[in-house]
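Residue numbering begins at 1 within each chain, and the chains themselves are lettered A, B, C and D in the order written.
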């Protein structure tokens, strides 16, 4: 069974069904009713007026968000383990035309105000130095940690004080909300977030993420950037339909809860092998090479993270019954 | 009935079915068997070893192709009516980091060697002048014209002589091949084409185009550029599946033949109202505003192209019976 | 004698003397008193508050100006014979991160409001089309023509109406002002110019041009762009000194008048061989190859512009006596 | 007396004299005999065929060098205290179109092979990760340390093994060579350096640095990049003349020896206040705020580097007699 990545999971049946439902003659690009409905649907969800654009990948969502917040000569503070720093082949540098990522070190992948201050306070205030323009955090983080609304708000306050934009990479935003049960608004704009990459692909969609602007004016230039980057699909209604299907009946939360439950089961079995708290759908374990091999021999597939560490990712489509055999195997190690 | 754009057409049932078929746990990005099969499938189709990458849009395909052929300080010769010049919001400038489009004027949207020479021969040979590095043509063109293999080969020969790369925007490549019935190889690499954007979306796919490198070494850096541009989808198998479904049983040709047949019917009805020969699935008509209004009053939807001109685009899903009422209405004008 | 380019001319003695005068220990970059004096000196000259930055080349000045006026996804309207289009190796594309030059055709190199409207009115109003953000004109033009304040104001009014910025490439601004004897303010901000590249190098300086922002707020980001482009010289006082020496006692006007007088002498001798009116320091002649050769045989060096055309450029250091032999030779042709 | 920066020093009399000597009518850009002489002069100095280009700033030299070695999607390993990382406002990101600087931490600003391996060995080998393409070192470093030829060669060997280019920022190359008395060839290409930014401005020139390509083929595209970046001065002979004057009679070494001698005098006086060995013309001292104030009260000007640290930079124009009062004051602290 695959615990390699939530990208390996299939697509929710409701999403596939939605594709079939919109499979009629319609209007091109994002002029169709489905695409046009996104602003209202997300405004309702977030209890404020937002602009919502579909894109095909989280990398595109993140990079477009950062380009909206940071000029080419500016910098973006992020954790050294952030996806935008490690796993996007420099996409932020491409979309921002060369802005710098300014990394902070620390355990896991969570930023704190102290860490951000540690990065920006040592930067000279002159044209010789790249000036910070934004902070980017990931929630849930790349290590399965969840920021609370309070933690985000502390970063948001610092950003306001220093004139920095705040971006949240929400590739696993659903898992974070499902974990805390809080209002999406509390986790985002009420805490100072300006732009959110709201992920759906890891959580049951096929190829649609949403880019949510809590400062709607930031969306205007992004429309051009999206087109210019080849991300304005000509049959955009098939992306909008995926997102709408995920929002209908809170499928996004239901799927995330399922994935989180699986991870908790594994986390409970892992005990003090855990490297980070299990708050979303990722589990990082201390395992020897022999132990990892023994789990693989049982048919479980996962990622060797670092020397002596393994990453297990659960998905929306894995039931507790599916996962129990792995949990038991871990407990027996 | 919509004759506005082939982007408005629905998705072929076989494509939707293919999405359902790959809807199982698999591997992420392009490591799955479907994505990995593209090289072989297109190599067979083109009778030579090619590298084939999926992307979501024709704009991305075109821009990645141009970035592989032209450095930031170079130029790309194209027709002034080319899609890359008119309709992509400067995407080539984004992906190439600022290369220049060098436009040639002429009827329709077809380039000739004379037109290319007219552009490049007046450019000084010094570092003060942007030097041409590539030529880009569209087949079928934005005006529904089809280049023959001989016409492409004449451009290809000029490109070889001058050290220029040759890109073909094949957003409607299928319509061109269906029109001529020639071998895809004759239209492309045998005629000197280096990179082809092979379009599927207008022809029945949902969100998958293929980027075909006839010089496979050009693909290596493109893999990084694709990722960096946010175009490496995490569930890439759903793109590969669309393309494979279009290739199966030559659905791509079947769909294109249907669209072309519809356009021919309209073209025959239009007589000397035709602005360009009808060789693919687009029909450009001379119509007065009153005539255009009368057609619209009958329920036909289309694009006002320029003063006194209308563009009608037929699609794979429109049968001759569907189209006959419009043909009759045009004939009666 | 060289009539090849005003770039071939030497440096005014007063400029060399100024370099010697500032050759003491001072402060780095642009914090020295000379650099800091530029704002006030140019504000006085232009009768309004301006920001003035030194840079080393006209290409850098033009590109920084355009980057201040146009986003990466925008376009800049210019004449097809403009220096920024023909002779800067795509520098505007580099500094703007890929903005498009939108060229208008017409005699010489002068833009009119009609020509600008001809370019921008055919652009679709959607994210598919690069939207114009600025107009760039050259005064005196690349063909030695001078815009009057009224002509500039007509373009300025159109720019205001359409929300476009207006840049003036003033590589030969001094020659234009010397020709008309008008106030610099009338030629620039009062006519709607937002940013001026004020050239000094062709007119007697060594390596210093001034970038003048009539909307001072546009200068702020430019300070970062200048540094980032490697154009913030560490010993900037030697650039400021050149400019101040050119402003002292109106040396800039004196030098330009000398160069213009030489060109007029040649123009008068040329009679109906003239291709464009001689209003600055450039003379374009109709000459056969044999005639050109005969002039060269007499020791006159110049540029073959196009088939049957020659360009002669006069410089600040050439007296009327120096030039008379060439004038006589042209008259005798 | 100013110990703030060697950028504050005046220009060597020989350099000023050279400007006067070339102040005649000549050819524009870099076609003059002085500019054309650079290849041969530097080839002789480095005992191998090199291409040598003038530029106005070290930032431009460094960035053009890095753009020649690293594609937009690549990375460049450097010390976290490197000038390209800290003090150039992201210029490498601009010239490379978004390449990433990959920083290594360690004392001072010197890289070791271990530090480079520590950065690159943890990078995944996939398109998701920015791949390293080059290493950049500064000699003498930003902290006044000098790499020996052996230390450079160890880095050069690693670069060859891993397929990485090697750039040396030689803003103070002269000080490094003067310190060791070694052959410039041993410090550069024989040790694996591909491109050198050879600084002259800090060492007595006004506005000219040399960019030296030990792999001459790398220079070809750089000619376009230099023009495109606005760094091809129209009166380039005045830059070439500065460099030639610095090379004549080894003025570059003489000036560097003078500056180094001054720094040594300060270093000897500083004793265990020294933070780094004094090998070039920079001295970093541990001083309390009160001590710094007392030195300033005596008329000595310098840079507060970090809490409790001061940076003193000596220049070519300061004699030992000039500097002794400061040395004595430091010794008395």
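The rule we apply is simple: a contact is a pair of C-beta atoms (placed from the backbone, for glycine too) under 8 Å apart; a residue touches a chain by one contact, two chains touch by 3 or more.
Predicted, not measured: the structure shown is a model, and the values here were computed from it.
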By C-beta contact count, A-D versus A-B, the higher one is A-B
Name the chain whose C-alpha centroid is most distant from the C-alpha centroid of subunit C. A
Please tell me the distance, in whole Å, between the geometric centres of subunit A and subunit B computed from their C-alpha atoms. 34
Approximately how many whole Å separate the CA-defined centres of subunit A and subunit D? 42
Among subunit D residues, those touching two or more other chains are 72-73, 88-90, 93-94, 97, 127-128, 224, 227-228, 232
Contact footprint of subunit D on subunit A as seen in their complex: 72-73, 75, 86-90, 93-94, 96-101, 127-130
Provide the residue numbers of subunit D that touch subunit C in the complex, in ascending order. 2, 4-5, 7-11, 16, 19-20, 23-29, 55-61, 63, 88-91, 93-95, 201-202, 206-207, 224, 227-235, 238-239, 315, 317
Which residues of subunit A touch subunit C in their complex? 71-73, 97, 127-128, 131, 221, 223-228, 232
